[in-house]
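Next come two complexes built around subunit A: one with subunit B, the other with subunit C.
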Partner chain A sequence: MNIIPQIVANSLIAGSIYALIALGFNLVYGATRFVNMVPGALAAIGGYTVFFLFNRLGLNIYFSVIAGVVVAGFFGYLSDRLVFRKLRSHKASNLVSFVASLGIFTMLQALISILFTSQFQSVLSVTENPKTYQILGATFTWVQGLIFITSIAAFVSLALILKKTSFGKAVRAVSDDEEVSKIIGINTNRLISWIFFIGSCLIGLSGIFIGFDIGINPTMGLFIILEGATASIIGGIGNVYGGFLGAFLLGFVENFGILKIPGEWKPAIAFGLLILFLIFKPEGIMNKKK
Partner chain B sequence: MAYLIHLLILFAIYGILGLSLNLVMGYTGLLSVTHGAFFGIGAYATAILMTHAGLNFFVALIVGLVLSGVVSFIIGAILSRLSGDYFVLGTVGLNYLIVTVLINWSDLTRGPLGIAGIHKPHFFGLSFSDTPAFLVLSLIFLALTFLVARFVVNSSFGRALKAIREDQKALQVFGYNIFSYKLAIFTISGALAAIAGALFASYITFINPASFDVMQSVFILAVVVLGGLGSLRGSLLGALLLVIIPELLRFVGFPSEIAAQTRQAIYGLLLVVLMLYRPQGLIGEYKL
Partner chain C sequence: MNKETLLKIENLHVHYGGVKAVDGVSIEIDEGEIVALMGPNGAGKSTVLKSIFGLAPINAGKILWHEKTIKPVSHEIVKMGLAFVPQGRRVFTHLTIEENLEVGGFVIKDKSLVKNRIAEVMDIFPVLKHKRKNKSGSLSGGEQQMLAVARGLMVDPKVLLLDEPSLGLAPKIVKEVFEKIHEINQKRQTAIMVVEHNIKSLLGIAHRAYVLDKGQVVITENHPKSLMTGDRLEKVFLGKI
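Then we have the complex of A and B:
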């Protein structure tokens, strides 16, 4: 039996989850220019909101997913309103912003463990979604198919919003130069808060999908932020299109990598790739050299 | 009294970690979130050498110190090429990687189960198995670390580090090799953290990979940031406060099952508040 089609399918599924993370991460990074750890915790918040509403309260799954996305977005918005907006007005260095984001990340992760224990939880049990599909010798579940389609849809709609709408133009302006955007009359603070909201929604969705595909635990955020940051840096940090590409590249490298080395070492592959890019091609594959 | 001694031993361990991280963060201006990993390398080296090879604590400590120094030299050689955000991200990833190694290299580390039954130190018939004696030993190591750190920062080498922190470009113009300075201090810092690891392993008598994850690094970072960047006394103050503050919750009746998480939530919040209102820490001389 040929296992290549299955590995390609696994790579695409992993890549589409990383793509959501990278989209959110890059959107926020583009506007604020510092490495933000908060999205990691927001992914966990998304996953746990669905776990609470769907598994504990027994609410409708679609409603739970939408609620999970909005709650993650709201927390992202809140982090900007309460902390990062103040730091911007202080003209804080990006290391200060990073440490603050690390603090929020730590706090949120601890709160999730207090509320839901640090146990691993599965969100959808296998018996609820026994349906699998087969294409070209690769098997995947309907959830995995949904993850792939949603991520492509999210990317296309985000690309359209950035290209066609005046909101998208403003986002691009802020990413290019915050000061100039302010001068030409863009309310940058409000805009950045919106960017936080949208980026965090995408990250929240990735957390929910990880919950569907593997399961959730409170410390999942660190893995998520590292995968997201790696995908973003491979593609070109702050570049939404590059991050999307980088995510799939990362998915393929990881999944083909475990052909040769045991699966537990997957984080090592991502980290190795991250270091290689940081040293040899820090601008990524889609950004121009500075 | 036993409780007080316990807290003081923890203070000594985190004091050593704070002092060593401050050399990199406060004096050289490199934000590093990987100190938990060096702490872990020291702890694991000591634990493995003592339980498997039956080595004396002090021999194991020195081997751990050298090993951690070598690892941080290799890592530093890679990371010193990066700057700013990328350096930070590299350190986070690295800590994650080292924990992955500790979990998966089970032949050596016993994986997630951890290593139990680590002995207390003894030295030519002198035993440190009761806690007051262990406290004395910990404080001696803390004092030694303090002296080493003070010697480093007051030397001409230390002054060059501060200059790198303030204006790296200017120093390059004067012909200093920034890369080797950063590498040297990163190595020294990693080696010193291993001392704390050895003390921790032998005091708690049990270690597992979870004790040395990124959250541990964040805690050590909080010690340095709270006390103050670029102040050695600040790191001692930070360690003291961060060991004591969570203990106060015990007295207001917080359930102990969530003690670890509450502690985490507190230092997370503390980092946010400090960054907003006092980024230089309590008695620090340098802002990130």
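Then we have the complex of A and C:
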């Protein structure tokens, strides 16, 4: 049996999830220019919101997903409103902002453990959704198909918004030069809060999908930030298109890598790739050399 | 010739830690004027302009617009009719020329008006028209400065603040930039405050000049041309005042 089609399918699914993470991560990074840990916890919040509404309360799955996305977005917005906006107004250094984000990240993780225990939970059990599809010799579940399509749709919508709308152009302007954006009349604080909301929605969605595909636990956020940051750096940090590309590259390299290397080394493959890029092409695929 | 005063700064103080960047400055600009604000590096010129847009920590003083005290919050200030082109040709390098102009009109709700304004400013700066789809990061220094000024004009301001538009440009380009400033002032009646370090040709087009040194106004001159000759400016620059 030829296993290559299956590995390609697995790579695409992993890439789709990484892409959602990288899109959210890069949007927020582009506007704020520091590595923010909070989105990692927001992925868990998205996943757990769905777990609570769907598994515990038995509510409709689509409603639960939308609620999970919005709740993650709202927490992202709050983190900016209550903490990062203040740090910006004090012109806090990137290190200070990073440490603050680490604090919020840890707090949110602890909150989730208190509410839901630190056990691993599966959100959709496979037996509930046995339906699988076959394309070109690869097998995947409907959830995996949904993940792929949603990710592409999210990317296309985001790219269109950034390119075509005046909101999107303002987002790009703020990422380019925040002070000048203020000078031309953009209410940058409000805009950045929106960026936090949208980015956090995307990350929340990735957490929900991870819940569907694998399952969730309170500490899943660290993995998410590492994969998201790796994809972003490979693709070109702060560059939404680059992050998307980097995410799929990461998905392929990881999944083809474990052909030769035992599966538990998957994260090592990601970091190997990250380090190669940091040494040889630190600006990433899509960004120009400074 | 009693023209209305548009913008007035009264007894402005800005301190950065122990540094008194601006130490009791009062200046004003009337309808249709070109005002030159000159002085050595570190005199506090940029800080005065930044204060108007809420980008510097004001310790004391007032900013008045049409004789009413205003709060320096940049997105409110732009809507009132002020535009600011900061020092250093800060265009949005990842955006095209056209996109730079579009975001320059961010506060304008009517998007067809934005389109018309883009056409207008491109008529003033034809070079921008030819390269409209180019990323502004790829432009020459002079072109970027033109774009920065054009972006400021997108809101059709009553008062345009320009911080060292000549900085780092070749003399020929500087001349061109000043001609454009003069043209904008003449044709659109835009009042323009131009900050320059020590470019005497600015005095030729200015209606009034202030010279700043160590955070204070040391010369106020209603006949700026008179500063082009004699040694009053030199004295400031050589620290003899």
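Following the convention adopted for this analysis, the second predicted complex is superposed on the first by the 290 of 290 C-alpha atoms of A that agree within 3 Å, B and C clash if a C-alpha of one lies under 4 Å from a C-alpha of the other, contacts with A are read in each partner's own complex, and residues count from 1 in each chain.
Heads up, the rule we're going with is that a residue touches a chain if its C-beta (ideal position, glycine included) is under 8 Å from a C-beta of that chain, and two chains touch if they have at least 3 such contacts.
Keep in mind that what you see is a predicted model, and the values were worked out from it rather than measured.
In the superposition on chain A, A:Ala153 makes contact with neither subunit B nor subunit C.
For subunit A, the partner that touches more of its residues is B, with subunit B and subunit C as the two candidates.
In the superposition on chain A, contact of A:Ala100 is made with subunit B only, not with subunit C.
Once chain A of one complex is fitted onto chain A of the other, the partner contacts of A:Asp177 are limited to subunit C, with no touch recorded for subunit B. Of the two partner chains placed by superposition, only subunit C is touched by A:Gly185; subunit B is not.
Shared-chain residue A:Lys169: touches subunit C; no touch with subunit B.
Look at A:Leu136: by the touch rule set out above, it reaches neither subunit B nor subunit C. Legend: residue contacts after superposition of the two complexes on their common chain; A:Ala92 is shown touching subunit B, with no touch to subunit C. The touching residues of subunit C, counted against subunit A in their complex, run 53-55, 74-75, 77-79, 83-84, 86, 90, 92-95, 99, 102-104, 106-107, 111, 151-152, 154-155.
Those residues of subunit A whose C-beta lies close enough to touch subunit C in the complex are 166, 169-170, 172-173, 175-177, 179-187.
The touching residues of subunit B, when paired with subunit A in their complex, are 31, 33, 78, 81-82, 84-86, 88-90, 92-94, 96-97, 100-101, 103-104, 214-215, 218, 221, 225, 258, 261-262, 264-265, 267-272, 274-276, 279, 287-288.
Residues 34-35, 83, 86-87, 90, 92-100, 102-111, 113-114, 118, 219, 222-223, 225-226, 229-230, 233, 262, 264-265, 267-268, 270-271, 274-275, 278-279, 282 of subunit A are the ones touching subunit B in the complex.
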